[in-house]
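Below: a set of structures, written as structure tokens.
First chain A sits with chain B, and in the next complex the same chain sits with chain C.
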Partner chain A sequence: MDFPTCYLLQGLSEEKLKRFAAITHETVMSKEQWIYHENDRAERVFILKTGIVELVTLVDSYLELPVSIIRSPGDCFGTSSLIEPHLYSLSARCQEDGTVLAVDRYDLRKLMDEDREIGCVIMTNLAEHLLSRLKETRQELKLHFKNLLKFMHS
Partner chain B sequence: MDFPTCYLLQGLSEEKLKRFAAITHETVMSKEQWIYHENDRAERVFILKTGIVELVTLVDSYLELPVSIIRSPGDCFGTSSLIEPHLYSLSARCQEDGTVLAVDRYDLRKLMDEDREIGCVIMTNLAEHLLSRLKETRQELKLHFKNLLKFMHS
Partner chain C sequence: MQQGNEIKLEKHDGVILFDVIGDVTAASEPSFAQAYSEANDRDAEKILLQFKESTYINSGGISVLIQLLAQSNRKGQAIGITGISNHFRKIFTMVGITKFARIYDTREQALEDMSGGQGRPSG
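Right after this comes the complex of A and B.
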């Protein structure tokens, strides 16, 4: 099936992938467009088809911290929409014109309730991804901590 | 049912809780005992019954960073055992004598495969928990970042 490989969907059979594909909506996005902002109500998850999307967070009203760049077809973002409290945890800005596949969280919830296997696979993949992001972020925190200690002892 | 409330199990019916309880093993732990170390193969998830457990990570061979304290009955730890690559992401040390309910990851996998609803609920709860830890950790990172900037500009 011609569907971008997305970590969320890994392990789903061709038939289950088709059911998932049926609830996606292709959406065009333009350079500089904000797809969503941190703390917005999170209603949709997105899978990149073409273009580049930047995920950022505000350190302060004046300072933006880049968190990651979504550039490979199949990369997904906006996964906070799939879990409580359904608020985006980062902001997403389009860096280059492109297209995304958008999935409404209610449509996905319905599909996952109807087909528990799809639900289990997607949620397990999401938990794996979040744990790996958590480890990376802890690693960064350790680096800052070590630098700070060096700085204070120098 | 007399079973400690654990975030992983929220949303499970009494009957499903009983099935989960049936695969737990009560285990005694003593003060200062290491329950597992960071990067050990993660074979079991734990639910606290009594006592206090400290989760830590090593910043460097000589420096330990506390990450959280598990002290309320029902708090759980060692959840990395439930997802790939099945390696503990932190170390757990017992701070006070106590008892935990240990669950072997293969027993839990079997239960979740037999009963997809249990699987979906546990994995959704785990993803929610991990997202909330990720947000907290990013928040700490931002604070370090801001302090570093202040420090450099002062």
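Right after this comes the complex of A and C.
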């Protein structure tokens, strides 16, 4: 099956992957195109097929802070669409022309309600990923505090 | 999952070059600390950070670089940066990194300039 690997889908059988694939829509994106903005209603989750997408957050009116780069086929983004309050927590901008598989959150919700195994696998994978991101964010926060302490004591 | 970096140290006429492989994130801190410690063991006065055009540096990575710049500034060491994309050149300017490090277009230009006693930002 021509379908990129994705952490959300790890552990799903070929048959379940086919059901998931049936609700995806391939979308072309072009360089510099905004896919969504922070705090937009999160209606779709995306899986990268080709190209590069950067996730950023706006710190000030003039400063976009780089948060993450999505460049491996199968990388997911826009997972805020799977969780209340369904608002994107970052902005996503295409850095290199490519294609993504977009999944409407209502379609995915319906699929997960119909097939609880798919729902359980996807939400467990999402929880593991978010825990890993939480650890990374804590590590980053420690770094910022270290820098701040050095600055305060210099 | 974020990973540390491989940083190869090379000495060029009084400049210690950090050849940084991989994306720079909060997980890069130990790799940079180790490289900086080794550079200090070699009495580094000038350090050139060489990245790849494709290197991604996120907010945690920027913090790692600021940490290095703060340490080197206290020791009076000059820092140069080369290899970064225009995207990161803009970000480094916006966050103030260019007040503490000079950014060069090429490694050759950086080594020539820094070996000649330069390397400190003019601003």
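Quick notes on this structure:
Note that in this section the second predicted complex is superposed on the first by the 154 of 154 C-alpha atoms of A that agree within 3 Å, B and C clash if a C-alpha of one lies under 4 Å from a C-alpha of the other, contacts with A are read in each partner's own complex, and residues count from 1 in each chain.
Quick note on the criterion: contacts are C-beta pairs under 8 Å (C-beta built on N, C-alpha and C of every residue); 3 or more make two chains touch, one makes a residue touch a chain.
Keep in mind it's a predicted model, so treat the numbers as computed, not measured.
In the superposition on chain A, A:146 makes contact with both chain B and chain C. Contacts of A:154 after superposition on the shared chain: chain C is touched, whereas chain B is not.
Contact with neither chain B nor chain C is seen for A:37 once the two complexes are overlaid on the shared chain. By the touch criterion defined above, A:110 lies against neither chain B nor chain C after alignment on the C-alpha atoms of chain A. After overlaying the two complexes on the shared chain, residue contacts for A:65 are found with chain B and with chain C alike. Between chain B and chain C, more residues of chain A are touched by B.
Common to the chain B and chain C interfaces on chain A are residues 57, 63, 65, 67, 140, 142, 144, 146-147, 151. Looking at the complex, you find that chain B touches chain A at residues 57, 59-60, 63, 65, 67, 80, 82-84, 89, 112, 116-117, 119-120, 123-124, 126-128, 130-131, 133-135, 137-138, 140-142, 144-149, 151.
Listing the residues of chain C that touch chain A in their complex gives 1-2, 23, 25-27, 29, 56-60, 62-64, 66-67, 70, 74, 88, 91, 94-95.
Interface residues of chain A, counted against chain C in their complex, comprise 57, 62-69, 132, 136, 139-140, 142-144, 146-147, 150-151, 154.
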